[in-house]
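In what follows, subunit A forms one complex with subunit B and a second complex with subunit C.
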Partner chain A sequence: MSARDQHGLAAPHGEFQIIGKPQRKIDGAAKATGSALYTDDLTLPGMLHAKTLRSPHPHARIVSIDTSAAQALPGVHGVITGKDLPTPYGVIPWTPDETALAVDKVRFIGDEVAAVAAVDEDTALRALELIQVEYEVLHSYQDPKEALERDEPTIHQNKRGDNVSKRVKLDFGEVDQAFETSPVVIKGDYSFHGSTHAAIEPHCALAQVDGDGLLTLWSATQITHYVHRALSSVLDLAPHRIRVIQPAIGGAFGGKSDPFSLEFCVAKLAQITGRPVKMLWTREEVFYAHRGRHPMEMQYSLAANEDGKIQGVDARILIDGGSYSSFGLVTTYYSGQLLTGPYDFPTYRFDSTRVFTNKPPCGPKRGHGSVQPRFAFEVQLDELAEKLSIDPIELRRRNSLGPQTKTVNGQRITSCGFDECLLQVEEASDWKNKRQSLGSGKGVGVAGSMYITGTNYPIYPNEMPQAGIQIKVDRSGVVTVFSGANDIGQGSSSMVAYVVAEELGLTLDMLRVVAADTDLCPVDLGAYSSRVTFMVGNAAIDASRKLRKLVVGSLAKHWDVEERRVRLVKGEALDLEDPERHMTMAEAFQIAEVEHDTLGATGSYNTPTLGGDYRGGSIGASPAYSFSAHVVEVEVDEETGRIDVQEVWCAHDCGKALNPILVSGQIEGSVYMGIAEALYEHHQTNRFGLHSGPSLLDYPLATTLDTPEIKSLIVESNDPEGPYGAKEAGEGPLHSAIPALSNAIFDAVGIRLRHLPFTPDVVLRALREKRANDNQAPSPGSDA
Partner chain B sequence: MRVLQLEINGDAREVAAHDHWTLLEVLRYSLGLVGSKQGCDKGDCGSCTVLFDGKPVLSCLTLAASAVGHQVTTIEGLAPKPTGTLQPVLDPVQVAFNDCGALQCGFCQPGMMLSARALLNTNAEPSREEIHQALSGNLCRCTGYTQIVQAVETAVARIAQGDGASASNDGAAGHSPPDGGVPA
Partner chain C sequence: MLRLPSFQLEEPKSLYAALVLLAEAKGEAMVIAGGTDLLPNLKHGLFAPKLLVSLARIEGFVGIEEEPDGALLVGPMTPLARVAESELVQAKAPALAQAASLVAGPQLRTQGTLGGNVMLDTRCQWYNQTHFWRQSLGYCLKKDGTACHVVQGGKKCVAAASNDTAPALMTLGATLRFERLNEKRELPIKSLWSPDGIWNKRCDKDELLTAIRIPAQDPGHRGAYGKLRTRESIDFPLLGLAARLTLDHEGRVQDAEISGVALAARPSPVRGVADVLRGTLPGTAEFDEAVEAAAQLAYKQLRPLDNVPGSAWYRREMVPVLARRTLQAAAKGEGPVHPL
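Here is the complex of A and B:
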């Protein structure tokens, strides 16, 4: 079976046994008992501890580094600087602008300069103090507008000699004409602040070089395969001399999807010292590593007819990239390319520019590059609804794109449950009775969104599968599945087990999943772009069906019946027409092994060719799109400016919920994260480039007391190409939570919050302005 | 450096520790009890929570020496001692967390489950508000807390029915308390 074949929606044996039903995770018991091992839980004999020296300047040339005193400190085994690891890298192969340690320049406060391995962390920290670095301080950029206008000095060298990281300008249809001829035009400025992932587990890596020179790296990464490639290039070591393993990981959210300095440093230090080396970043260092949500300043214009039908969208976006490229090329595309659903609009233009600044580098955070424009656009849609006096849900319905359609930028939409999402949140929230009628200070707001389920852009161009699965069968009945996918807590290894167990008629206790180990597992590209369930799920079906065919064929011969009579279910093989005839799966495997020799199978997935026929048309092209709608109910305290989010309803079209518990968990976690970043979080530096508070106290994460009631509503549109119809659930349900919150605040107190975050001072200022405006010219509603 | 006599999960343990070492350092580095997690080392996240005589404390802010004289429970000691049957027996809190999907990345959860256990030690029928209060010192970045709160409520209901410790490993799960939790 070719990897691109569709597997269909049906259960392999009549009724689904496992898929679609609530299941425990296969690593649930290990996590419940505390026995799951995370990277920092691993210790090796003779292990050294490493620490990193970081830049105190936001932008400076390194004149000299003297490490001799650090080298001489007793207990220190290795000291490295940029000249030991000079090869540049970057997760996107076109923009390799990072080095493991600064070679000639530092570009933000916290940039890595040197690393020390010592017998313990205290000794390593003392050694860092002995390293002498002479800097020549350069002008630093903290404001992206300045970086756009000023070229001297440049943060990175490029051909243009400016500070632009990436610019993408695309238009589709006659945009200007649409704006000239449409009766309603709305323009507005919006902005999204920076936020960071703040996974509770800090980054950690451990390296060991064995007696044959084979390097093993254990790392808290969500991209084992890319780390493998980057290590090979930076260490100048053949990839077959490197093994990368991801142990249990304590959250990621996109914050562990770049290769990071510490991974190269421990590897190099292990090579130099001949001892295993571990580095665990402090919480403060995790804030510097960042790669979080890009701040964006966004100008949107919207043209529409009197009936609310959108005629054109025109966007200009300035993206603050921080100091390195990271995924920035993709971010810049995503900021425009992913806005073109769930609504149908005939014309569209976006002009997005990402600039470098001397701040911690931004990257992909849950809903990469598209949460910010989604916020702006969905608030603007609410303004349109207000202007035309149309119910905001009705307005969205009128513009809904629907299934089996094409977006204005040429993306293929297959399944689409957006209308159902709108209906579900409308009903569950009692929208019709609540809107404009909850009374003083209370309100509801709605928003919708769309997100990719993986992308056909494999980061480095190649024709090989994007996801692979290998299955090994033991005579005991145990089936071991090797999956390259990074389980980052979302449960991808469990998903693989559910699929294989369903296909082979096994119970879950017969399954073992070995994941994210480059020596043992086939390549998977990693846990990003919401690709894993769709791609790895399909690869697992592919492999399982090949194996099932062998087993069913052998049993049919053995029993001398037609193959259709053989059923594998709940750990047993049965003859459907003769209840007397059955055996355990272990026996069935043994019979098949006699016929076919040692049993096993591989499976893979690759995307079909997708995307618009223009430069960049494949970025944002996904084999399937997920859809979400949110209704948020708030109460605004007009005395204090405090916003109390009472309840959030999120309906999410995940295609098919392979395990509804895990899908609900992804929806709830997404909603929590979106609401929390809108109200409490702000990842920022001051005008000197100093982080404003790199701790979980100063960067406050929402607790149980700050998190609203969240109602997750699962919509199943049964995608024709997803595994049993499944699409993503991990990122989509974050997007529209934030604009729905802003729209709810408008319904509650009549202020339009177009700039995040919604802190009490912002709310109070907007309320004051509204009162002043109301006194001048009494009218309902006002602008912030 | 001093020698400390500690009682950890019912075992008398003698460890040598630097004077400035925290209990978290002793647990993780000296005793190999790595189930207690370090999320911040500053008292902000709660992932290092352990119990002193049944009450939650942050082990990253607790000097190891001050654990002397207390019964310390870590996640490795949350499950009751095996009774000799081969079937593993877990605390109802652990079973419910597993059944309800609360264990996403799991990194916050040793601390979270111990805080939940501490609550149930003093309050057999906590309201949702009391659950929120009791868990408010434990940050979770994955779950949005919803399934965590469901798990605690499920554990409460199952304990009230005299059930909850059974950890059947057929994989099936759910969170309709108390016994509808595991569908056939």
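Here is the complex of A and C:
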């Protein structure tokens, strides 16, 4: 790591003007008033509309495809099949197992087979009906256990000839010995069901090829850079002949991280037809595209001392990957690698296997790969607390790893506010008075967690910076910042504006942010792994400080004073010691431009070398970790099994809240999402391999009425390497909401829910089982 | 977005014009009221009418009137929100106001009508899906296919009546006026239903529902509606129960009734409820026991099938709970029972 990547915690000029204070989002008004342009809002002259033909079978070989009748339909301008785009791709370069359209096989109901561009959607849909596809239906796998045990047929070809997508087995320390010598051992089976992102905006892409053959793609993607790379490879077109732009986006949550079929199809169809081509997926198609949370079956064993100190953790995880790899290699690592904080594990082992099944492909959803193991482990910790009669918060405190430490798998922990998080939820929720004492059907539960702030694994190996910023200065005082980062509603473009405004002493209305346009912006690796604030924020400070130095230097010369006397603040430059001497920033920029010629600056960020010295040791190695603790309060109707979540307190250590409103928003959104997926959502297929209900009616997202009171508590541990000390807030605060809910239900009614989701029927069965067991419990004196 | 199929739209201003249009179309037309059920179904390819006859502009189709004898006459195009908020309906037919207040969500209640709710198509997880989805499934008996996926090997469609207001109207003894060109008849709503999920109504598809009449209730009338659904808003019923108690001048139960919906193809009354409750005084242990007995009758008789999403076992287990809570709410002049 170079000095470029670290900028200290302090404000550039004594006191923060913008950072740390509540600010509006720079695109808030445009989105609220409807003037923001999303991909589907864009129309171009002569534009065609495209639709996708999908597989009706969960697993089949394509024997033949006849598109002639579709081609002949008036109004149809282009029809493509897998033959037209045969190059495989995958977001992880080691697992390129997808094609834009199926080449010889389909692997789930909804897999893409052909695409048509026509004058309108209705004509394109009619053309799809005319495409004749002959399939040879194959055995389909809906159960991951069957996919693990059975090899024939395989869903993808690999050297082993099995259905395993990835297996990671890692051992740290003498695990078996820890289990042999520890006085307390707890074992249990846990499972996490599938859930999906359900962002409000469906995927949409628009492509145009200009007279020189330059391709422009507008797409609702959260990773412009990987789409750019994948397009270049699949279309066999030099990257400098392609421009990718992300317009305003209606949410993503990880569901727009992969390159998707529609992006390649509209590009190819635009090339073939010479006309702009747009494709907007229906909600049903978005459910098929999925890439949501992996279902996991998890066996955990925990060894501990009588005082509750953890001695060893041993996990075996079966991951249902669905039909393609997507980020699955990383998911498999994350399922084990991210569990090793905020608690001290002296020994740890995990054995995770991801298998393919004939279902919509799983991928990264908020809290990628680590929400599921966190659920299992935090419920198991609660079981340990119960067994040892230790307050669950106290148990977590005793095991807390603390700042400036190293995890058992070699991850470097710098700042850590976990103890403070525990304290804050304990106090705010009135935990001590509520636990075990709320009365019938009511209870509280706690859980903690840790998450990465970006990773130093750049997806494709390279040593270039992970984030870049470019600044251009206008004589009017307007400063335009070019940021490669994808603002997916989390506010990353606003964050860039806050940082640059702070550093250059500008007001926010002097800033313009141009983002996620591969022609205009420096590369950023995209909105995933909670990396953007940390990495792009640092790059923005880096660029701003270079520019600031030029401006301050010129002014100091101009006024003939020492540089330390020059202040840039709220759109003005002033001399600290002479109140008479001040000017607008526009004038200041002009003075600097005279000395330095056209003004501008670039900034970058790259992670230090991190991670354990073993294969995969850099996956999940993050420059900083965020920490969360949740307390959930519930009321359970013991007659109906209905769970009413009354309130959730979430304390989250985000390092430093650059804009506390946005941090609270992320905490609230995370808690909402976690509780909703635990209680209502279930992304699954039925006995025919069909999605059980690909609509927003059948896939029930919580409404406002179903959402608990949420109290967000911000903890600032001031990370030494984060921009002004910031870490992440987008994904961490989801994790422990779910186990805290399960633990609260235990406190309320004494049932341990180890298997998600907690729908009323599941809860009612568990309650009845418990009642039956309680009634059967041998009464004193009986010889049973 | 899913596309609508193309159709012709007529918006007659008089009932007569509407009846003529329907007669001329010879079964190729469908009626559209608020469209909140019809339009999603059209997008799913469940129907392909050549003509839609909208009732939106027909004069006199919106409104709630009290007749001289105290009966309520509700126009078929009266929005559910208006039915729910009407003080008249709340006072005279509380179960109906409560049921209407729990249909779908606020926007859909503003657009959806009482007539449309009575005439709602049955619902099934294997049927209320897109054309692509149903095609992948190989369709089902109700449309384009030969097999039922709810009752395997079954020869009859058992898609669920899912209209919340149906059981409420049944416990209120409502009658429906149906009209066809030069033809008019009144039908008690209890006689409307048939057990066939494909078309669960004993009326022809070209008959127009032109009025819903709720007879004057006894001064001792008490009514309530209870609904089980996944979320607190939007969702169709997983189970819906309406309860009526008629109390005599001493406040004892003189007559009682429960009807349920979201079970099988037709909304079903529970038999024998009046017998177990008659003579009991709400608020006493005797009444509570009778309510429990009525709840057990409901449990025995109402058997939700695996037609709508969610666990049929759970829906069945909730029958007695909902029956008890709804009867108790009716006795106390409370309700709706929701969330359960």
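Note that in this section the second predicted complex is superposed on the first by the 772 of 784 C-alpha atoms of A that agree within 3 Å, B and C clash if a C-alpha of one lies under 4 Å from a C-alpha of the other, contacts with A are read in each partner's own complex, and residues count from 1 in each chain.
Keep in mind that, in the parts below, a residue touches a chain if its C-beta (ideal position, glycine included) is under 8 Å from a C-beta of that chain, and two chains touch if they have at least 3 such contacts.
Note that the structure is a prediction, hence the values are computed from the model and not measured.
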Exercise for review: Quick one: classify A:Thr640 as touching subunit B (first), subunit C (second), both or neither.
Suggested key: second
Check your understanding: So, A:Gln470: does it touch subunit B (first), subunit C (second), both, or neither?
Key -> neither
Review point. Where does A:Ile109 make contact in the superposed view: on subunit B (first), on subunit C (second), on both, or on neither?
Key: second
Check your understanding: Touch check for A:Thr282: first (subunit B), second (subunit C), both, or neither?
Key -> both
Exercise for review: Answer with first, second, both or neither: which of subunit B and subunit C does A:Gln411 touch in the superposed model?
Suggested key: neither
Revision key, fill the gap. Max touched-residue count on subunit A (subunit B vs subunit C) belongs to chain B
Check your understanding: Which partner does A:Asp41 reach: the first (subunit B), the second (subunit C), both, or neither?
Key -> first
Point to revise | Touching partner for A:Thr703 - first (subunit B), second (subunit C), both, neither | key: both
Practice item. With the two complexes superposed on chain A, say which partner A:Pro56 touches: subunit B (first), subunit C (second), both, or neither. Key: second
Exercise for review: Please indicate which partner A:Ser352 is in contact with in the superposed arrangement: first for subunit B, second for subunit C, both, or neither.
Suggested key: neither
Revision key, fill the gap. Subunit A positions within both the subunit B interface and the subunit C interface are 280, 282, 695, 697, 703, 705
Point to revise | subunit A to subunit C touching residues, read off their complex | key: 54, 56-57, 109, 121-122, 125, 280, 282, 284, 637, 639-642, 680, 688, 690-695, 697-698, 700, 702-703, 705-706, 759-761, 764
Practice item. Would you tell me which residues of subunit A are touching subunit B in their complex? Key: 18, 21-38, 40-41, 197-202, 248-253, 280, 282-283, 488-491, 501, 507-509, 661-662, 664-665, 668-673, 695-697, 701, 703-705, 707, 710, 712
**Study point:** Touching residues (chain side subunit C, partner subunit A) in the complex
**Key:** 1-3, 6, 105, 125, 129-130, 132-133, 135-137, 230-236, 309-311, 313-314, 317-318, 321, 339-340
Exercise for review: Write out the stretch or stretches of subunit B touching subunit A in their complex.
Suggested key: 28, 34-42, 44-45, 47, 74-76, 78-79, 88, 90, 94-95, 97-101, 103-110, 113, 131-133, 135-149, 167, 169-175, 183
